[in-house]
């Protein structure tokens, strides 16, 4: 029974006054802690654990948001774009696992891996690994088995072809590449599963901070490729997890 | 048993000479008809029916490619970006169903709808409908149930909220919008399934032919949103179908 | 009686010689203190208190301008883009109230709140707060009642909907958002008062330092939305104050 | 009494069943005529008459939307971006006043002019007049007195200075200019009321179809200037009307 | 003996007066026919046959330039960007071979193929063929053996891999591709000879008229790839020919 | 004696009443003919003959402006961007000389050539000639001797070097070039007079409609080069004339 | 008598051997000091004193170039973009006057002011002063009388109008402005002499580091305005000096 | 005999089992050392020595890759974009020659110079030298004779003309220039060999970090010019070496 129907039936049955009903219908499904409106129903609404975007928040703010979440029963929390310094500061109050290369902190356990299949993450070069790891840890946090296949850029296509089986065995692939971003197209052409392309800001000059790779991926001649923002490993991991749980 | 292993075992057993094996390993899994290398193994390789991109091909070329496909047993063919004039010309030789608004032609039947759930397609305005229909017909062709929810742009958010159930009941959503492209973020925030965002070239001035909507969608503050090229309804429908068949 | 008519009549009546009149007509309504032409008639001409743009001025220059203003009877002065260091230095000579988050310093009292109604300031996220506060303090300085509604971005539309009344009760709204800037459109669609949209440089990659949000806001499908420069909280607060005093 | 409270009280008093209430709460405040969701409550929600964006809609669609509006009691309708051909076709069914230069059609009377003051519209050159007229007719339709001051671009500043009184007497100003768009800054510096700047696509080469004027206006060194999309005369007229009715 | 030395020695020996020498040193090595300065020494200076860029020249101008060239002994002339209509008009006076797909016209014979090896031209799709043919005919005109390998885009990498030998056997490769332009990187990674990349304007939306492919190619992660302008098949063919004649 | 002093003295002497003086001081030095404010004092204020920008004006408007000018004693009028069709229509009422290639029409005589020296106009190619002619005719109209040196682009530097004397003998040079716009730098390096660089929209692909040449010219490594808008031959001719009359 | 004629006559008269003549004709009119080819004939060729661009050169390199120049008789040297640190280091060997705000160093005296008239330099704000001073010191170095009129931006047009006489009395004007760069148009409309517009990188957000002001100035609706690169005060001063010496 | 044929024949002759053959066919021709897949067959596949891109790799990673290469018999290794600090750290384990200006480190000897002819490298200014040296050392490492011609920008065209012989004697030319990048066109017009153009990020303002030079070079009106990424000296040197070894 939906919440709205429940409230209306309670009015009809006299259990709830009109004024209380008005309040209930408006009750904020978030905790207002001043500098942020912590979204507590999101777990239910979006079916996922909670995430804090660490960039531009002070360690104190991050700690406060974690505290608020925990008080409301949220025990699996992912913090992205968390610098080493902030991670250390947050650790004073909260128990978190921290990965420096991906700048990810995790409070609580990963969700059990219960997706449809396996997420494979490929990168063009070694410089793309931080973004790839952000995607990998996000996907693992959200309950997915992840395989990594790094440094298989198209300039040495044999390195990718040597791992065809891994590509064929994936239920979702995340292709992470900077410079010309051609990896997404090649992988997209080989795979028969959805490919999430993540352009990275790796490169210089006409790479334009990732714009070149981004355009490349948007124009992929392969079907079944969609794109997230530059360096957005988290977004790719989140999207891949959603796909890997379709119908679950 | 894989093709390669089969060939190698045939050599081992003497069924195949080395020279014939070399030929087999190299046999092109496509039909070279001069102006195109028709990809005949793609059905198997990518697990989908075949698609012809109609833009920039003459009716004669399109008819020839259809003929080559049919001769190799491909009986479900989707032709995108097919103008009314070309559709008429192609119809002289081949039996196709044609939709003018989406510029899509289809030879043969749609694949039976056997996806995990239902694909919902939303648009911001009426001008986005051609792109949305390209997505819808593509997804239906590839074996998906599709629901349409058009003209629910964020400037009148109540129109979208009135159809919450449809959003909540989707397994994949395609959000099609031009101008500022905000629809993708709002839908992405409401839904708990993957959202494929399609920017359209609808708008003028600073809409920059769809670039504004594209940037908007790439920067979506909602998680679980990924983006395809401007006006790429086909790409969105194809991606959504892949997602709707994950694990199938 | 206008100044010009006054001067001309004084000539006619012989009170003023032609040469003196020429001088009077040309007298600069500003104080030339070398590095700046302090605009002393602006209070009258534009009907507002005076503002100093702090960026790129030394503390000495800022102090000098304040001194010149005070000497000419200007006792309400707003200084924007004032770093903590400069604020400290200026405080040595002048009594100012300083807000670090918005980088605003104020000498003298705020003007009494005498606008038509109330200015409501909404932000998409917590990172947009510095810009929002610049707008809020500016509007308060210029004599307006201000309400703040922060962190109500469209990815969690229920947070905004829960405060519908605040939106409906505004005489002007300032919508501050980075990333995809969709907040302006959603608020613009809900409200029946003018909305000033302020794109912020919050975001990364394809956010392009605020360009993405800026384009979004310019292309808003909602009517009654106009836009100021990226991160221009002051401009939005000033504009909102002007609107809130139309007819006053 | 709000609609929601009314419905809830009707449930409480037994006048309305829960199921009917659910339907009422969800009843779409728009008429779904297939290709569009005509927004019928918008008059109340946004306090204005209704507007149809004519671009990309067929005359049949436009006529249908007008019909639906009229049937729901909406008798003042503005149609923008309406070509001469479409206007002629729509006139077959509906009685509309048509202005070719501004491409605006109006069904019914203008709202009575009941704003706070007067809207003044200035243009840089004669080529900006179509956009200015779109703004002027929109503002008049929405119930405003409008004054026009055309061809007063900054290259001959004396033409603008000769009409200072008109600038000083406005409650809102709309500044329409292409090329370098400097008019907005000069007017913004002179006026003590809000200025809505409209960049136009007038110009060539580095005018970049209006982007140059747009950037200029966004960077205006004058306070109290905000900007709408390139060539968006309607948006400026609508915004100006809203400002001119603040507190009304 | 260089021309300059010759002239100086003639002065020394009295064969030439100072004034005549001044004239000789300044004599224009081109024929001034009013609307053009036909470059007659270029054959010697750049070691190649002569080329006319047909775009923006009238058939009469083109015919006039051919005439001037022929009169000065130039009998191998390539005309690029020559529309069918102009080709017909020019044919009235001059005997030319015309290729409509590449819009190339040739007066006289191709130079004999005397390069170091073979130029291989690959394209991503069938829509890239016009640009590829411009390159092919240019290279053949300049004395090169050319092999064509069309429609081998990276979305079906097996089509390219099936022709590895052709790639390995080239002395120069021209890679022609639109959309994401990934072909250049894949070919660049496979080949051990110079690769000239030609972005084409094939694609739509974020393809930005070829800019996306151009950026991709400039950022190629493969070494040994350099790039010419969008759709510049002629430039690629000319450059490839120069490379194929290095040391000849 | 200045006009203002004159008016003031007339008041002092009683020749002029205060009210009349106010009117005089405000009298518009332009003729308001509805669609344009014809600037009649400009001849004196800017020391030049009058110019009409023909683009976007109807033949009737152009004829009306010419009529108004003539009535106020202006007998030398230049009309730019005047299409053949409009020129024919305007000729029905006014006697004008028309140049189709430059789209310039002239009523009355050119001003007598009374500049300091000679203006030399160089172009990179034949396609740049229309823009160059617009500059040339403008400069001649404004009273300058002009020399033309066309088709001397830097790809054949000897063509330019052969005319060194012409470069050295100029008092101002206008360098007109599209594509990479390098001509301005080379000429700027050779000349010892001011160089006005005019980028043209000649080129394709990465020429970006003249943006590439524009950027090139703005970044010229040669000193003494300044730039006008793309294809702005008129602006260059006007500027060159002003320079050629400095001190006159 | 030209150098070339001199050499040729010396050959004719036997004074010079052919080989020596060849050497003479090729003798480099610059001093090759390894890291730079110091241009020693430029004084004659371009009729100006010498300039060193200090950016990206070490103090040692700058000192070396000055030394080479002095040894060849060049005693007036301007060094631009010279940081305080480098200036101090260079001062150890050479006697230079240094201006920190404009980052200009000068060895030797300014050229005597012998131009046609006076150069007036105006700025929009105080932040534009460094660029303006670079222009001013350059022009003074090259022999010009310079007047400064700073902080007269168009948002307070009366400050500019109060100095009309200075504008009218100039032979060349340099207009320096950031943000929207409107100053160039207003000054261009008032003045009857050439205006050199210098966009500055002053501003933020949509100012795009000076691109906005640059575009504004290129699109100026005033005639007689040309533009140099962003922040290029030196270029403007050099160009203005050239103009001020036309015919000298 | 090819590797594949060898393996197949071994199966046929019973020397190799099918399973072993499958393994052999898939054996990775690279050494997987965790953070990188070191490409060991590339020497053979691409016919060149090995290169490490130093940017974004730690000294430990670089040392590890060198170690892996040496263990597999690779004794000529080029490391690009190697900072002084990293070079020092790597030197602790490996013997490398280091050039600070070009940031290049080399382990082992250069390949013997065995190209077709000579590579000439020209720069526009002294600031372009670091990029030029990266190209020069790369080319020398790969076995080429290199000549340097620095600081010959087009603003002083005589400096370039004085070295015509060097230009005419090259088999390949690398033209390195920032700002307006005109050098490539002038050199391209003079030379009769392939020209590789390298835009540099030298310049400011509208130089846009090298984009201006890049566009210039792509639009070169000279034939036989192709372009690499901004500041990509390595890429140019590599490409030039390939060209200089065509047919070798």
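We call the chains A, B, C, D, E, F, G and H, going by the order they appear; numbering starts again at 1 in every chain.
In this section, a residue touches a chain if its C-beta (ideal position, glycine included) is under 8 Å from a C-beta of that chain, and two chains touch if they have at least 3 such contacts.
Everything numeric here is computed off the predicted structure, so don't read it as measured data.
Because subunit F and subunit H carry the same sequence, their contact can be compared by residue number, and over half of the numbers here are used by both. Averaging Cα atoms per chain gives one point for each, and the point farthest from that of subunit F is the centre of A. The chain pair from F-H, C-F or G-H that repeats the B-C interface, sharing more than half of its contact pairs by residue number, is F-H.
Per-chain CA centroids place subunit E at a distance of 38 Å from subunit F.
In whole angstrom, the spacing between the mean C-alpha positions of subunit D and subunit G is 49. Annotation: 54 Å between the Cα-based centres of subunit A and subunit G. The multi-chain contact residues of subunit A, meaning those touching 2 or more other chains, are 156, 190, 205-207, 211, 214, 218-219, 223, 229.
Listed by chain label, the pairs that touch are A-B, A-C, A-D, A-E, A-H, B-C, B-D, B-E, B-H, C-D, C-F, C-G, D-F, D-G, E-F, E-G, E-H, F-G, F-H, G-H.
Within the complex, the subunit F residues that touch subunit E are 126-127, 129, 150-152, 156, 158-159, 162, 202, 204-207. Chain contact summary for the complex, subunit A toward subunit B: residues 45-48, 51, 116-117, 171-172, 190-194, 196, 214, 218-219, 223-229, 234-236, 238-239, 242-244, 246-247. Against subunit B, in their complex, subunit D makes its touches with residues 26, 28-30, 35-37, 39, 41-42, 55-57, 61, 199, 201, 209-211, 214, 229-232.
Listing the residues of subunit D that touch subunit A in their complex gives 4-5, 8-9, 11-12, 14, 17-18, 21-22, 25.
Residues 124-125, 153-157, 161, 179-182, 184-186, 188-190, 203, 205-208, 211-213, 215-223 of subunit C touch subunit B in their complex.
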